[in-house]
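Structure first, commentary second.
Chain nomenclature is as follows: A, B, C and D, assigned in order of appearance, with residue numbering initiated at 1 for each chain independently.
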Amino acid sequence: MEFSHYAPLWGEALLTILAVLVVLLGSLMKNSGKLMGYLSAAGLVAALALVASNLTIKPTLFFFDTISVDALSQFFKVVFLVVSLLVVIASMSKYTGKGADEYFALLLFATVGMMVVSSSVDIITLFVGFELASLSTYALAAFDRSKKNLEAAMKYFIFGSVASAFMLFGFSLLYGMAGSTHLVDIAAASLANFGPATLVALLFVIVGFGFKMALVPFHMWAPDTYEGAPPLVSALLAAGSKKMGFVAAFRVILIALVALRMEWYMAFAILAAVTMTLGNLAACWQNNVRRILAYSSIAQAGYIAIAFVVVGAAYGAAPVNVLNMGPIRADQLGIAGALLLILGHALMKTGAFIGTALVASNVSKESETDPDDISNYAGLAKRAPITAFCMLIFMFALAGIPPTAGYIGKFVLFSSAIYSGLVWLAVLAILNSALSLVYYLRIISYMYLKEAAGPKIKEQKGYVVALILTLLAVVWIGVFPEAFINWAMQAAAVLLPQ
Amino acid sequence: MYADYAYLIVALPVLAFLLCLFVGWHLPRGGGFLTVLATFAGLILSLGIFSEIYPDKIIHQSMPWFANFNVGILIDPLALVMLLMVTFVVTLIHIYANGYMNGDPGAARYFAEAALFTASMLGLIFADNLLQLFIFWELVGLCSYLLIGFWYRKPSAAAAAKKAFLTTRVGDVLFLAGIILLYNNLANLNLALKPGEYLLQFPVIYANLAQIAPDQLTLIALGLLGGAVGKSGQFPLHVWLPDAMEGPTTVSAMIHAATMVTAGVYLVARMFPLFYAAPYGLTAVIAVGAFTALFAATMGLTSFDIKRVLAFSTVSQLGFMMAGLGSGAAVGTLAVGVAIFHLIGHSFFKALLFLGAGSIIHAVNTNDLREMGGVGKYMKWTMYTMLIGSLSLAGFPYFTGFFSKDEVILIAYEYGALINMLPYIFLVLAAVLTAIYTFRMWFSVFTGKERSNYAKHESPWIMLGPLVILAVFAFGFGLAAQDDFYKYLDSNFEHYDLDFVELGVIGGHALEGEHGAPAVEGEQGAAAAEAGHGAAAEGEASEGEAGGEEGPGEPWYIQILPIFIALGGILIAGLFYWDRVKKFDPSQVTGDKDPIRKLLLKGYYQHEIMTGWFAETVVYGTALICNTIDIKLVDGWLNWLSALVLGFAQHVRKVQTGIVQNYVTALVLGVVVLVVVITLAKEVGLV
Amino acid sequence: MISNAISLLIAIPLLGAVLSFYAGTKAKFVALIASLIPLALSLQMYLEFDKTSKIMQFVESYNWVPSLGVKYTVGIDGIGFPLVLLSTIVSVLVIIYSWGETKKPNQYFALLLLNEVGVLGVFTSLDFFLFYIFWEIVLIPMFFLIGSWGGPRKDYAAVKFFIYTHVASLVMLLAIFALYFTYQMPDGSRTFDMLTLLAATADKTIFPTSMLNIIFASLLLGFLVKMPAFPFHTWLPDAHVEAPTAGSVVLAALLLKMGGYGLFRVILPMLPHVDKAFVTIIAIIAVISIVYGAFMALAQKDIKKLVAYSSVSHMGFVTLGAVAFTWMSVTGAMFQQFSHGIITCVLFMSAGTIQHVVGTRVIADLGGLADRMPKFAVIMMAGFMASLGLPGMSGFVAEFMVLTGSFATLPVYTMIVVFLSVVTTAAYHLWAMQKAMFGPILKKYMNVHEPHAYELFSMAMIIVLSLIFGLQPGLITDIMGTAATQVMEPVMTLTQMGVI
Amino acid sequence: MIPLELYILLASTMFTIGLYGLFTQKNGVKLMMCIELLLNSANINLVAFSAYQPNVNGQVFALFSIALAAAEAGVGFAILIALYRLYGTIDLDNINAMRW
């Protein structure tokens, strides 16, 4: 009984054990890379199954009410697990030899960390999970030990630890104010006695999460790291740990700091606007595809951040009959939109980065130039048709061309923005997504309209499988969004007082 | 029973067109015989119809087309005589063409286009509604374009074709505007149309003219007149007609003398009630006509290209016809009869002259009068047939032209007597010049000694035959047909439900003229005058004062004046150009320095004005300006915007210095900024 | 009566696209079949189509995303059906015309078919969500057609085309949002159903004029850019000049029609309820497009650019006729859509043929080609004549109806058009003809030969069509006439029609 | 006992010093030290607060964060060492291959 009581957490448990196991086995047997890959893949699938088994579970608390398993956490866990799974599948054709065990172990640890964050309702657990994920990804970012890797890792590390220091300081203030580390208590306290310290706390917390979400100006590390880290790790960072930032922010800011609604409403209005604009602008001139993708994901973070503004604007507003789902609340809709976009963006970005990984892994051999340089993508359609096609779809999806996951997410999110009176933000966002076409089309026209820059590329199995899975997911969500919308709505409900 | 097959009159030439176009290449002489047969069948049919409906029936068939328009056949006296004339003349010309175009590689194309032209001209004539008329009108224009540009390898030909199309197009625009106006005016009346009736049908138009506001009527009339001016080469849209001589001579004969150019006149005649009802409608017509008659004649004097001389003469004669119609303001429907009579007579002798010219050019291989001379020695038949044509054109007594043209002058006098003398004076002068330039041409071609050595032979019979036949008509038609013709055409508008008195009141004709004679009275007067002229015709022998007493319309000297005009003109021409009696040399009378001569030689600088200034400077200049605007402004602001954004982006990305400490600084700065903004916002009470 | 005719209509080319993509060199046969079936289908539909009824026909409606009120609803009436017919016809002819394509033929034909899918979807979908999806999908194949088969500045042209039109459609999307969020069905739910929303715009209590004006303007922008109308036309010449012939043909014949379709389907029902100033504005835009387009064409050196601007001018008639809002003008405008769709094909095909037979499109460098390719010259001449509105061809009927109808409500504008555009139009057509085709044949072109039979064939077919519809416009104007009367009336929703 | 304000003051000072160091220092190791300062200032906060609170969550939290800080330092130094191997320096101003 006691054991089955923790059933909702078996997923994390499984992965933790698996991670440790992987390290041990790796140290015991040599060149077990393949096996490790399969092991972790299997583990992730199993965890996914476990999580999926109770997707829309009633919120249940564990470990002295520090861990809560609810629709929201499950949603994010699915996202994280899917991303990691895709990355692992792709990695199986890259990390086969020595050191693979560490790679997969770190990856699994990172995943566990994210999962913990996604379901922690206590700042301690949240911080621990956060750091677990961060630390393992610091290591991963440097994994190939190339110059670029290390520079990327270094920047990521310094910036990251500063950010987490800020976060920690913020947490300490929160604790001092509330005398408790439970989010609900903090919420109550902040409602009761609210002083300048809380504002500082809020901003410091925002810094901490903003660093993960890569919101301007806390984004500085992102372009360099995404460009420099091993491509598959970039995928994990952009698609996984970034989203971890969002879930943490949702929990802490929307639940614990609801008292400062007006403040973070202001803050995120600015952050969102600046982030999406600056991200898109900076992306226009990049020549490194991964850097382009990095900036694009910064811009996407800007879009997603609109959700906070929506909630701030429409918090607790009377439910109204927007959309076709009976009476619902704009703030709930906003979060749901954000979740959809998070899901979609996670998939699209993973796919895109896996694509770059494939290209880089082949190009780097013959050309000593930057393997991710856009010139290497010339004529990719001929050299690697499958990759090129998937990239094409991902690009259009990122640009929000229907019918893709990107379109649906933006649609719901912007709808909520318009509906809660933030028309200016919606318009800005739409103009931005028009601007974003500049660089997406640039990549596309390199892949499809330019002459081939080299011989045919051998598309390894792992990459291809991962790509195609992602592609199917992206299109599926775009064409049959119904179920996902409802799911997102349920997940969103968790964050809001019923 | 012929009436049921009326549509074949158009259908057969169309068939011929298709056959020539697709299989003509394999047929002897490009399948010219097909075209001839088709047209000839048309002639037979028209004769049959004539026998059926003469003197007092009309044919009207109609079927719905699209929206609220219809296609239909309306054969009333006006249409019928035109049908007969066109089928007859064009048949002859096609026969002639079989000889003339023999051996030309493009013969098939020629006959295809000729057949299409025939079809559209006939369709234009018996259209029962204005839209259909306009459609065939445009097709006629197309054929003219194709035929003028027949020798498309010649740049001049291609250019002339384009010029013709565009110039007439200007007229067509006005025509179209007129139609649109008319349609909308009729539509606003909310007429209760019986089934089978459509707004643009002529009977419907006639019947409802009286209900349309006069000023609208005038606008419509001017629009239609514009079309007529374009098609009939009236001033100022006549510029294309002389250039149109780039086409084969048969084309010139068929299109630019006998038939197509008369379409404008036909249009005005067809819409005569409207012009009559429209205040100043007929005034405009007669003004244009009279002026053009004189204006073109002056240019005919100086041209050295035989075909151009004839072309200018055509323009001038069309002016006569217009003036005749315009005189309707004074003489009512009689004007239609007179004008159409001149039209038909003219088509005979002008076709004759052109074909003659063609046969000369065929032999001599030049258009230039200065290189001819003495041709008569070798081309007897051509010479005499053309003599008949010239006499007729000059209005020598008892020739067709004498009756037709002078009748026009007489009713112009009627008009003058009632309203304004100016047109009459213009026409008289024009008539003198006509006689002069005609015989200038005739003398300098046939008499004297060769001024260059050219092939000396007569043309084949297939070409001479038509000449002879036409010559017969050019001589006899007037004498034979005149009186019945007037009666028949006078009856034309009796078939429709319209009342000229009422229209005259709208048109204000009742008020014009010193003795306030209403239009009807003008009509009687004209009839009387016409009778009087009949007297004058034989009064030729028994001096004209007899006519003077009989015709209350005009005094005897007016009636006999035309005779002296003709004789005098011929005499003057002889004095200058007939070597036997040659007394003066034109170059002595007016040296090349003479500005007037220069002006005439240059054709009043129309080319410079129309093409050089208007088309190339104004229109093309506007286009270029638009182009600049488009590039610099309409597209420019876009490029400017994108440049701006991307330029800004260039600066934005420089923020990323790559040095981690700066990143941290940025982070902290961000926090500071947020603090400041939020606190400020709270101060201002924004949140 | 075929069931799910429209879905088939859309699905078959889609399938064909996929197949021909994998068919390699056999692609053209696949494509031809995949485009012939829809043609046959649409002809069958033409026979079954009830020309007199004002209700939507062949309607299919399925729930798609209930939570957003999105339905898969397709159906056609007199507004959409002629364009469906046009699309199927043109697609077949284009595929025949590009029979000799050798560069990546499989992708080429696949993209052409995708285009067909897109436009068919736009012309048939009755749900704004669906409509917008198809509206966007169309951009993609065209982008690739321009981008990878295009001329020297293809990248610039492709990107410009994509972004320019995409921005416009985003503005349109915002307007659609506004409609969607403002209107609630009686049961409180939201819907994307076009007809319902349009019918609702008549209700002042739901859509106050001030708000409706903004929505209207945004929608209008979306459509005018697509048309394209002055001053939003500058993407068109670039796109056309760089696009491959087939691309230009599809672009001019089908894509531009999407804008016009929008006018009839969306703009006109709202027109009576918005600020009257809009009528003037649109009329002015229309007139400028017509006249300005004609003058621009006159100024062009490149024959293809000339044709492109002629499209701007001709599409102006659609705008004019639509905004004049009389029965005849609207019918004429619809017919102008159809007729221009047909005629412009032959113009662009001629330009393309000259391009790859002679090697240049610069009018000044051409001359006397008729001497070497008489057949082609005849067809091209016929096409140009049709385009300059020669009676007997479809163009004349359309423009005559537009002008005659428009005069009743917009006399001044109509007359400006008549006086400034008719002659100019004739002028640039004839000028181009004369320069390119007539005069003495230039030395360098002595060895020029007639184009391929399939090119001549597809052009000739178009001439024939233009003649058929010019001589017997009733074939299609009957349908349009019904649609026009219906446009004059308040919108009927599908339920009011009783079709669902 | 010492009033809470002083602890907070101390913590804030440490935090600020750390930040200042981050802005000014080039050397990687020094940066690490500054980061440690930041973290520890937060720890001081936590402990101080918890002393004024009925519960000891704060001290627990502090312990956790110290542990994590250690781990972090480990990772960080690993990275720096690797950097030094490749670049021959840990002067971070020169390590900006990726920028703009």
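Criterion: a residue touches a chain if its C-beta (ideal position, glycine included) is under 8 Å from a C-beta of that chain, and two chains touch if they have at least 3 such contacts.
Small disclaimer: the values here were computed from a predicted structure and weren't measured.
Novice: Quick one: which chain's Cα centre is the longest way from chain C's?
Specialist: D
Novice: Taking every chain's C-alpha mean, which one sits closest to the mean of all protein C-alpha atoms?
Specialist: Central chain: C.
Novice: A-D versus A-B: which interface comes out with more C-beta contact pairs?
Specialist: Higher contact count goes to A-D.
Novice: Using mean C-alpha positions as chain centres, tell me how far chain A is from chain D in Å, no decimals.
Specialist: Once rounded, the distance between the two centres reads 26 Å.
Novice: Would you kindly tell me how far, in whole Å, the mean C-alpha position of chain B lies from that of chain A?
Specialist: Centre separation, chain A to chain B: 80 Å.
Novice: Please work out the Cα centroid separation of chain C and chain D, and write it as a whole number of Å.
Specialist: Inter-chain centre distance comes to 65 Å.
Novice: With centres defined as the mean C-alpha position, give me the chain A-chain C separation in Å.
Specialist: Chain A and chain C have C-alpha centres separated by 43 Å.
Novice: Residue numbers in chain A touching 2 or more other chains?
Specialist: 154-155, 158, 162, 166, 223-224, 438
Novice: Please list all residues of chain D that touch 2 or more other chains.
Specialist: 22, 31, 92, 95-99
Novice: Looking at the whole structure, which two-chain pairs count as touching?
Specialist: Between chains, contact exists in these pairs: A-B, A-C, A-D, B-C, B-D.
Novice: Okay, in this complex, where on chain A does chain B touch?
Specialist: Within the complex, chain A touches chain B at residues 154-155, 158-159, 162-163, 166, 199-200, 203-204, 206-207, 210-211, 216-218, 220-221, 223-224, 262-263, 265-267, 270-271, 278, 281-282, 284-286, 435, 438.
Novice: Under the definition above, what is the set of chain D residues touching chain B in their complex?
Specialist: 19, 22-26, 31, 92-93, 95-100
Novice: Would you pull the chain C residues touching chain A in the complex into a rising list?
Specialist: Touch residues, chain C against chain A: 64-69, 132-133, 136-137, 139-140, 143-144, 147-148, 154-155, 158-159, 162-163, 166-167, 170, 173-174, 177-178, 181, 184, 188-191.
Novice: Within the complex, which stretch of chain B touches chain D?
Specialist: Touching chain D: residues 653-654, 656-661, 664-665, 668 of chain B.
Novice: Where on chain B does chain A make contact in their complex?
Specialist: Of all residues in chain B, those touching chain A are 645-646, 648-650, 652-653, 655-656, 658, 660, 662-664, 666-667, 669-671, 674-675, 677-678, 681-682, 686-687.
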